[in-house]
Amino acid sequence: MLRVFFVGDVYGKPGRRVLAEQLPKLRSNFDFIIVNGENAAGGFGLNRESFELITGAGADAVTLGNHAWHHKEVYGLLDDPRLIRPLNMPSGTPGRGWSTFEVGSERVTVVNLLGRVFMEAVHNPFLVMDRLLGQPDLGSVFVDFHAEATSEKAALAWHLDGRVAAVIGTHTHVPTADSRILPRGTAFQTDAGFTGPAHSIIGADPEGPIQKFLTERPHRFGVKEGPAELNGVMLELENGKALTIERYHYEE
Amino acid sequence: MLRVFFVGDVYGKPGRRVLAEQLPKLRSNFDFIIVNGENAAGGFGLNRESFELITGAGADAVTLGNHAWHHKEVYGLLDDPRLIRPLNMPSGTPGRGWSTFEVGSERVTVVNLLGRVFMEAVHNPFLVMDRLLGQPDLGSVFVDFHAEATSEKAALAWHLDGRVAAVIGTHTHVPTADSRILPRGTAFQTDAGFTGPAHSIIGADPEGPIQKFLTERPHRFGVKEGPAELNGVMLELENGKALTIERYHYEE
Amino acid sequence: MLRVFFVGDVYGKPGRRVLAEQLPKLRSNFDFIIVNGENAAGGFGLNRESFELITGAGADAVTLGNHAWHHKEVYGLLDDPRLIRPLNMPSGTPGRGWSTFEVGSERVTVVNLLGRVFMEAVHNPFLVMDRLLGQPDLGSVFVDFHAEATSEKAALAWHLDGRVAAVIGTHTHVPTADSRILPRGTAFQTDAGFTGPAHSIIGADPEGPIQKFLTERPHRFGVKEGPAELNGVMLELENGKALTIERYHYEE
Amino acid sequence: MLRVFFVGDVYGKPGRRVLAEQLPKLRSNFDFIIVNGENAAGGFGLNRESFELITGAGADAVTLGNHAWHHKEVYGLLDDPRLIRPLNMPSGTPGRGWSTFEVGSERVTVVNLLGRVFMEAVHNPFLVMDRLLGQPDLGSVFVDFHAEATSEKAALAWHLDGRVAAVIGTHTHVPTADSRILPRGTAFQTDAGFTGPAHSIIGADPEGPIQKFLTERPHRFGVKEGPAELNGVMLELENGKALTIERYHYEE
């Protein structure tokens, strides 16, 4: 049995700080830790400093999302087997979209996948997953499904039910209260929530987004300073399925 | 002090059934009950039978959403002061977008409001709310913000903080685990979740959406039969602000 | 040298009427005629009667678009080698996305392709075309690129320049005044325009769309009666490239 | 009778160059010249240098679009009565959304208006126009409707038919071959096309957009160097209606 911890989108300096302070304390409770880092560098993308901070804090694998390519330094990091960019992109895309890790006598495969509803066009995540699952020896498959629409996230989870251990959504930055094990054994939660400034609008200082919505003109968004929260999901996986799923929430 | 219960989007026959069975049992715990009924008639819109079932079960006010106009019978119901359609629409739109209710010696104003990110174009919800709040004697204002994007929902809540008692999101059909009281006293939860079939994709039988996503072709969606869940939010309001907010979840 | 005539989206009864009246008169001027039929049946999709009318009027090939699957009768027509549905869809999709025709001693391959900007998610049209062009003996390739955004249409044309004979856009229902031969020999026009009611809003009676935009509520759209227009593109192709491109416009 | 010339979105240095060279030669053929300048500064927005170049070349009025606010220098220009930003924005937005000019013994009112389909949310352009047309003494009203969807553009033109002199679309950067006078006297063309680099993808060097579409990753777009085209519309207006409409096209 594998105890897995997944941490949602780490956002800017407040997200990095709360992760660096809290993850080491939690490390011994888990066999494997996955952290989504798509917003780690100033709210957009991942740079070397952020990647090293996240892995230094205890992450075994780091996933990305629609902001994967925002910071150019990410291209220099993609050879690292712990860094996983979205899978459903053209062949020839730098880096890897999934990676299998040996954890003691067990195996866990981490996948990063993008949705398409209300998002930029990428390859069909449903078909790409069907193809991946033809691979041998994947062990327990953990899917970080980075997507906007609740319908697309639930549809993927039901489609993969019994064939992967977990489908956990990211991207909306708000944790959902719907953690469950589907009938054939796949753990599902629509969104893990994010790890970043607590009194913010999905990471940003409220002033910027409010002015944008009020004036219907562009406004610069700043990362909100102050206390941060850490949102995650705790899972127990066995034989490619999930035994338990539970939300984790910490707030400074 | 007003004890308010809000029930998220009632969806199809399973949603109506669980509401009719559970709401009467809860009725005495609350002073005022608001139910979002935008999906009550077969998953889309509200007809007379659904409206009567919802009010018969104990709802004092019924709100709508982007599917408000789907079922033509709704036009015959809009004279009822308990039915509240989206506020941010052109002047001359049938029905009312807000309504003030006397509850004992207190007053509560219920507003239904549409978001615009990833949705059809309507009037600016931020500006429309600023205008509404110039009205006298609104009492505690409860806003059902029917919107897709987490950023827009949080931005409205922060914009209205201290000026309304609660901003509760609807539309995604998934409850969020972020209930909180903002610094100036407004209760906020990104989404209340929905009231409908439990083993479904936001209400639909999984087969339809899965086939649509797999084939990239249209497929007919059916309402999922079987056990239902009821998602809601419990609030205590006083002097136009919120004292407490708590999620409510029941599953058959 | 092949003289090719392409007719844009035939829309409803007025579109079918003007096509049936005019195409037979033009038939002898061309070696090969392609007609987009995605709106032939009442404005949405293609049924057997419409398909037979279009081919009976002289079309050698019929293409489709985002409304391909709207009318269920289309599934019974897809075995006909003259009917070409969008290419960039999952393997296993019924019908064919391209077809090669012998015309005297020449060959023309007709492709129907969907865009993704502001449209439903499908397979990457750029990559799908690159793969198709690895096929032998395609002759002159004509691409009906059914897409919304001018940027995506121009980008595909430039990407395929010199490798296909023509990229002609459809879907917006408005002909563009930008017919040109790109530097390496591919003919390009952003949109061919449609074939349907002249005093309409892309086919619909103006009243429906105007009411929708004014009221921000759904309204039923009707096909506009009255005089129709026929929009098309005339091309001369040779050795897989284009010699000439010219707009064709007829109005009752 | 007023002879009016409208020039579509001037894009970057090639657009400014062709405008500065050609407009002075055309100046004496027209009584009033309107130029859309939303892409004049490097492809995005308008700065002081661009505004002075456009007015110096002979423009009597300059309109904007969705990129109006991109370049911060625009805020210092909005007091100039010749500069017209989108009308359908919140009250309090800097600048003016319409302006009436005396031309000899005649009057022309220039309006800049944004669409909402496939674009950012703004105020309802249909209702905002209805309100504006209640103003007295507007003379002949010219509407630059900056919008993406052909349906929205045609719907506005039909809605305003007989009440304004012209509705000319901008934003897609491709001229449409559908210039016409609607039944009650309003001239309409779905899009005027743009003024910028000829061998480009709506202004950009083809390499950037092609790489973006091929790789599904962001790529930097550059303004295409080389020969430019100028697209415009020539109109004759009288008593608030249009007598003639004709496309203008020049290519270096």
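The first chain written gets the first letter, and so on, giving A, B, C and D; residue counts start at 1 in each chain.
Everything that follows uses one rule, which is that contacts are C-beta pairs under 8 Å (C-beta built on N, C-alpha and C of every residue); 3 or more make two chains touch, one makes a residue touch a chain.
For reference, the UniProt names are A, B, C, D = TIGR00282 family metallophosphoesterase.
Remember, predicted model here, so these are calculated numbers, not experimental data.
Colleague: Would you say B-D or B-C is joined by more C-beta pairs in contact?
Modeller: By the number of C-beta pairs in contact, the winner is B-C.
Colleague: Please report how many Å separate the Cα centroid of subunit C from that of subunit D, as a whole number.
Modeller: For subunit C versus subunit D, the centre distance works out to 29 Å.
Colleague: Hey, how far is the Cα centre of subunit B from the one of subunit C, in Å?
Modeller: Each chain's C-alpha centroid was found; their separation is 43 Å.
Colleague: What whole-number Å value describes the gap between the mean CA coordinates of subunit B and subunit D?
Modeller: Measuring from centre to centre gives 41 Å for this pair.
Colleague: Which residue numbers or ranges of subunit A touch two or more of the other chains?
Modeller: Correct list: 90, 121, 123-124, 127, 214, 216.
Colleague: Testing understanding: with touching defined as stated, what is the shape of the graph linking the protein chains, line, ring, star, complete or other?
Modeller: complete
Colleague: Flag every residue of subunit C that touches subunit D in the complex, lowest number first.
Modeller: Per the touch definition, subunit C meets subunit D at residues 118, 124-127, 148-152, 154-156, 158-159, 172-178, 183, 190-191, 193, 199-202, 204, 206, 209-210, 212-214, 216, 247, 249.
Colleague: List the residues on subunit D that touch subunit A in their complex, please.
Modeller: 69-70, 89-90, 92-93, 120-123, 214-218
Colleague: In their shared complex, at which residues does subunit C touch subunit A?
Modeller: So the residues of subunit C in touch with subunit A come to 90, 116-117, 121, 123-124, 127.
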